[in-house]
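In what follows, a single structure is set out as structure tokens and then discussed.
First chain written, first letter: the chains are A, B, C, D and E, and each begins at residue 1.
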Amino acid sequence: MSEVGPKELRIVGFLCNWCSYGGADTAGVSRFKQPTDLRIIRVPCSGRVDPLFVVKALLNGADGVLVSGCHPRDCHYSDGNFYARRRLEMLKRLLPFLGIDDKRFHYTWISASEGQRWQQTVTDFTKQIHKLGPLHSGKEAQQ
Amino acid sequence: MSLDKLKQIITDVMKEVDVVIGYKQGFDPLHATPCFITKPEQVDQVIWNPLCVQNLASYLTSLKKKVGVIVKGCDSRTIVQFMQEGLIDRSKVVVIGIPCTGVVSVRKVLEKVKHEPIEEVKFSDDGMVIVKTPSGETKMALSEVAPDKCETCQYPTPVLYDHLAGEPITSTKDPQSVFKDIEEFDKKSLEEKKAYWEKEFDRCIRCYACRNACPMCVCQDSCIAESREPHWVSQKSNLTEKMMFHMIHALHLAGRCVECGECERACPMGIPVNKLKRKINSDMKVLFGYEPGVKPEDKPPMFTFSVEEKNIEEHKL
Amino acid sequence: MADTGFIPKEKWGAFIEGLAAKAQVWVPCLDGDVVIFKPYSKDQTLCFERPANSPPKGVIFPQSDTLFAFNFSKDPENPQKVMVELEEKLDFPKTIIFGSRPCDAKGFLIYDRPYMQTDTPDPYYKGRREQTAIVTMSCQSTYAGCFCTAVGGGPADKEGSDVLITELDNGYFIEAITDKGKEILQQAAAESGAGHEAEALKKQEAVRARVKDPFCANGKPEISKDLFESDEFWEEELSKCVSCGACTYLCPTCYCFNITDETTFEKGERIRSWDGCMYNHFTLEASGHNPRPTKFQRFKNRVGHKFLFYPEKYNGVIACCGCGRCIRFCPMSVDISEIVSKLQKQTGSASNGK
Amino acid sequence: MAEKEYAYYTGCSLEGTAVEYDMSMRQVFKALGVGIIEPEDWSCCGSTPAHTVDRVFAAALAARNLTIIEKMGTGIVTVPCPSCLSVLKRAHLGMTQDESFRNEVNELLDEPYEGGVVPKSTLQVMLEDVGLDAIASKVTHALPGLVVAPYYGCILTRPPEIAQFDDPENPVSMDKILEAVGVKVADYAFKLECCGAAFGVPKRDMVNRLTYRVLSMALEAGANCIAVACPLCQQNLDLRQGQVNSTMGSSFNLPILYFSQIVGLTYGLSPKELGMDKLVVSADDIVRSRITIEELAQREANAKAAEAEAKAAEKLKKAKAKEEDTKTEET
Amino acid sequence: MRVGVFICHCGSNIAGTVDVARAAAELRKVPGVAFATNYMYTCSEPGQDEIKQAIKRENLDRIVVAACSPRMHELTFRRTIEKAGLNRYFLEMANIREHISWVGLDKEANTIKAIETIKMAVAKVMQNKPLYSSSFKINKRVLVIGGGVAGMQAALDCGDGGLEVVLVEKSPSVGGMMARLDKTFPTIDCSICILGPKMVDVAQHDKIKLYAYSEIEDIKGYVGNYEVKIRKKATYVDWTKCTGCGLCMEKCPSKNSYDYFNFGVAPTKAINIPFPQAIPKKAKIDPDFCRQFTKGKCGVCAKICPTGAINYEMQDEIVTEEVGAIVVASGYGLIDMDKFPEYGGGRYPDVITGIQYERLLNASGPTEGHIVRPSDHTEPKTVVFVSCAGSRDKSLGIPYCSNFCCMYIAKQAILTKDHIPDSQSYVFYMDIRSPGKGYDEFTRRAQEDYGAKYVRGRVSRIYPKGKKLVVVGADTLLGTQVEVEADLVVLATAVTAAPGAAQLAEKLHISYDTFGFYVESHPKLRPVETNTSGVFLAGAAQGPKDIPASVGQGSAAAAKVLALFSKDMLESDPAVAKVNENTCVGCLKCKLTCPFGAIQEKELRGGKIVASVIETVCAGCGVCTSTCPCGAIQLSHFTDNQLLAEVNAICQK
């Protein structure tokens, strides 16, 4: 079971292949322990992450979504994360308007060498989601 | 503005275009409908009054011909946005602008007359609407029955035109309060907001009137709401799928919605569909100082970036 | 006549509640500023003053209907073999559509022919239809765009209804039309209808006189095929159409559907959902070819189906009930009655119009 | 009128061994138009002993004062004693950066500290908030030939993550202020060298050796006095100078002044109101050789007048307060 | 569909904290999975054979390998399944090691996480489409950035291998840091004597085109076809005319120019040739100091130049070169003295850096090899060396070891004794790091034969006392404080990334670590490759390293380039964007956002406008896919449906 709570919650992570996925690998190689709630989807670039993926996940059962890419200026594809930043910021501001706590969605930049930062991010974000609790109540689940 | 002057302009424009899009009387006295004028004798059908609600610029992207189009201030932003996105050939469009003092919301009028059959609609010079029904005449101020977009209208005169039928009008509405309703709504609790949208979207019948009426929805037949490749939404008619569709609509209009309100007007189920887009627009303004459909040389913010984003701060956990 | 009754205004609420105790009752409710059919509950605001924005067709033909669910299962010892279990639900509860309009009721008759009156009736439709009674309210007024008399209906038409109710000054006049209707009348514990008949008839006639008839063809307009096949005609009339499908989804007679499988790994559902000829995907073929690529062709099909093809197949019955929703709610105010009157054979007087 | 008001946390030393620091600091702030208010019912900051025992307890002692200050609404508290400052700042930073620590500390307090106070040294307030131009503009008298060795001690700028002020290894804030008032500052390499701190009692020899180095380096740098901003440094260098002379065989006679005293002298304040008479190694020599007797008398008179005025004002205030009290009682 | 799932134990790396047998059993229950097994080492030869055999035996058409990170072994398994006849893109990997077994404590939770992660991979692989590479031509020219010893080695090896080389050097001469050194450890060879011939080779090699005093302005393109814009900075001397006679330098009246080559240990002239062995040996004017520029009149050099090479009006010039691969050997920098206020922060002239000391020791340096104090030009008798000045110091943000300081300090201590026999050297050190061939012997020689006193401890403060500098430190072995009165102090300042390293990385689209050093593909197995194909690393740009390591990397990078260019055609990565022309509405928003200009407009029969992808230019980022509103442009291998399959696999209400 998860270290942060009695029951795991559903957290989806979209990680760019070149930086953040590598950062998560680095954390693994360094054996930096993390909560187990997160499920990782590898994408080539944070610019590939259509905000709709985040919406889709949140509407369909995810309790939290994390997107991580290369640091600005450091994108493997030079500009991908710049587009991601605008789109994801737009989404982050829109979510509370829909009644979804924007704390359920976090986007950040983690490089392939930042294993520790990855560990910290996963730990903190998982804690944050557990603090908020499940997004979907049982009633809706029957729908 | 005189109707004769408008007709004169149309007659002149007809000489250089294949079709002029204007308004004529619709199926009852409360409805106007678009008309496509290709012959001089059709010019006489043209009307202009607060019932001319449709955004005629919506037709521009699908027409290959040279077109003259009548636009109100709000509609003109559509053309500017088309130009920003390179969706029209400006040389093939002749814009006939009309300074507009506001239109009516048919829905609000019907509410006022308790949905009785409409026998006659008149507009007085002092901004009153007189509606005759079997049970008598009802007088109402135009401002009372105007759609919400008119209440904060910043562009009564088209932002761009080749011909202007009438004298330019300047807005008297406070530019600071354009998004006041959005800000007010956003102050509600998450639970209230969630409940609100669940109730509203639950009515959606996925008829896609909002999408098809939207001038900026360029995909139309290729919309991902109906496709299996990619398969974003299923055919199930539950709240989740309805919400997903509306999020697709809203996010695809991020930084592009010119707030003509056609989506909301088109919805047969009275869902406030434009609200989400206006929320994004309010953020576009804050984040990038951008307002869609105002300056032809602008770049829509979602298709560009700054290396240093002045107004986006990194989020901490 | 024993098949009529009267309910005074003060007992109206109790009447509906009484019905709701024995069956699932769908009633027109006010939601925001629109009226839609919802299952009856005490906290709903009922609205009988005007027809619902969307017809009650979804009660019998849901917008998306799970035909059956399926589960894949596997024996881990023999992972190559996949077994499928199907789960189909065909027992439907007793249902009453309460407060529909004569045009809405007539819509179900249009449905019945292809779905029930064939060699292979549709079990889902048939199942629900047989369990459902339709309690109709006669119209007290006309509404924007409606033209029921022009297509053979009327504001108090009984065809398709099990019960017809007419609102009077101080109560409601109830006519049971079918056996299902009689059962409902019995339940209503109504006073005798005798003596109220005349008032009801008078009210009904008054409204009937006000309904417009754009066709002037005694409810049986006939379409000229020459004009119907003219591309110019459709292009001229339909330029303003934005090709959304609101008209089809709001139409009580539009019965087209799509079937899709929505699956995940282990399980899935076969869904039947509304579709309409106004949508591009409706005729899109797997090859990518689309025989009806433009809105003109799609609208032509819509008119054709209602006024040509359906009548051809079913003894001249027009697949339009004249409710006017497609006109009333069309964002561009496209008027099907205007188009049909233009298409009419040069017999009626209306064909002289624009 | 004061432009901006600060809470002013003196701490224990400034009520005892370093009363001259307090006196001169108040005078300088007054001259600069900086309003200071002493928090009511302030208590011990915890000083050195507390945090050697228990981190939470130490923070609680400091935070009690921060809570009081937070309620005053000044936003900033200025602290002359670097030890007090360090303790307050450590508690403040710890509590604002770590929520669980804050909760732990607040648990011990009657009223919780919300993190709304910025502790700043008096040097920092003078340098950053008042500004060198304003400091220079108040100068009325030059102190020709005075060469000051600025001595910062160990804790004023360190550890850098707590102090968050000036260069931790080569501080210049005091240099800048002294230069602004027209005093020559020696290039002094021992700005941060250890003075022996609180080991003066248990390990006197060691402290004598350390202060010896500090003092001799100042002389070597050509200074004729040392400027300090820390009561403990001052004590070790000043009070123990005789001890050093006797144990190390030296003959230092180097006045150890608070920087505020030097600034005060250039502002035309009287040695008495700056507490110069409290110094062990007399600074009379450097004062008298630079300020004439007439001038000193004048300053004395000014000081007395100011004091009388203040007393009168205080009296009036008290009287008024009493009046108010009786009035309210009547109603 | 018949998916095969192979779950790796990775010894106990995975099996220790994930119940792999249970995972395999669970996966067997998943429809579509025709075979699932667990295996000790899937990446081993027998492990790969097992996959190949299972594909044939079980008739599998999609493969999921649940093991380590795909960044590690994706290529391995792609080759495996390709050998068994499947398209290589019918493989998905589930990362259950780095992302699960190594980071989660609870076996139960790990196992569930692993099962779900593998299910995601199964869901995705069922959506995978076969993809095929296409070939494209390559430009067999190579760009080498940096003319230090690593860059020169790479350039020479590539040139000798028959490739055309473009060598770009920022400063006026090649040679880099090594050209500044006096001797090299542990052999005490004269540095410039062994480097000089290489520099000459570079200049004379008919395959090498040298741009000295030039910088990279912009790089566009992709492996095989890069277009590089090079800024040739204005030297104000026409190098086609300059003969390097040095007359201008002799006569220049502006004598106080900063000497970049000598790290400012002594001034130089405003027009100068950096050092006698410079290649190219050409003069250049420093406009910051030249009187013609600062005062507007002088013109001495123009008058004196026998070939009339001086041109005060010269402007920067941009030239374009086309290459197919790039070797980055941009070297390193050194931390500034002002980071050490406790050592004077640059205020004491006799506290200098190691590289400055090299110049003092060097016979061609400003003092002609005489060690003198910069303050008064007297010979120091006591010299203190402070190692780790900044290195291994977290508070300065440099937690790493600078690699070669221990060695050069030992060398400098030896040379000091050689130059001044009655001198005494002290070395303050944290640890002595000398793990190279002959290195440890060398540091011992400095202590034992040359009498350098090594003190294990850090220096806390340096302050002047009279003419001397007092160095205060700790001797942690004796547990005492130490004070040394020194005449000269040499700080072994920490190695940092070269100035501008980050900006260059951004132009190259390669990543750099927190410190600015370039990140290699794999720290052990791909040390000279970057994650951008066609870009290779050499020398200290990748991290502090000494001469032999830099030379080795230069040669290694050259070998990589030669291997890459051994074919005439390269295979493109087929995971690029594709347009569905049926659904594309031709809004061309994808064209607006593509970072590579890989999308163009195309007119179909019938006049319909659609987007079209230039396959070789597309780098596969997928920004277009997330831009396209109608889902018509899809990044192959990461299509919407593939990612949605993964989302749907884990998000079911």
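Everything below uses one rule, namely that a residue touches a chain if its C-beta (ideal position, glycine included) is under 8 Å from a C-beta of that chain, and two chains touch if they have at least 3 such contacts.
Predicted model only: the values in this text are computed from it and were never measured.
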Both-way neighbours, i.e. chains that touch chain D and touch chain C: E
Chain closest to the middle [Cα centroid of all protein chains]: A
Of A-E and C-E, whichever chain pair has more C-beta contact pairs: A-E
Identity of the chain that, by mean CA position, is farthest from chain D: C
Farthest-lying chain, centroid of Cα atoms versus that of chain E: C
Chain centre separation in whole Å, for chain B relative to chain A (CA means): 36
Computed distance of Cα centres, chain E from chain B, in Å: 54
For chain A paired with chain D, centre-to-centre distance based on mean C-alpha positions, whole Å: 50
For chain B paired with chain D, centre-to-centre distance based on mean C-alpha positions, whole Å: 68
Two or more partner chains touched - positions in chain E: 593, 627, 640, 644, 648, 652-653
In chain C, residues with contacts to at least two other chains: none
Residue numbers of chain B (touch at least two other chains): 220, 227, 232, 238, 240, 302
Touching pairs - complete list by chain label: A-B, A-E, B-C, B-E, C-E, D-E
Contact footprint of chain C on chain B as seen in their complex: 26-28, 30-36, 54, 58-59, 107, 110-111, 114-118, 134, 199-200, 203, 205-209, 211-213, 220-221, 226-228, 234-238, 262, 265-266, 268-270
Chain C contact footprint on chain E (complex, rising order): 2, 25, 28-36, 58, 119, 122-123, 582, 648-649, 652
Contact set on chain C toward chain E in their complex: 72-74, 76, 79-80, 82, 264-266, 288
Chain A - residues contacting chain E, complex: 1-3, 8, 10, 12, 17-19, 21-22, 24-25, 27-29, 31-36, 39-45, 47-50, 53, 56-57, 60-62, 70, 73-80, 83, 87, 111-114, 119, 136, 140-141, 143
Chain E to chain B touching residues, read off their complex: 580, 583-585, 587-589, 592-593, 627, 629-632, 634, 639-641, 644, 653
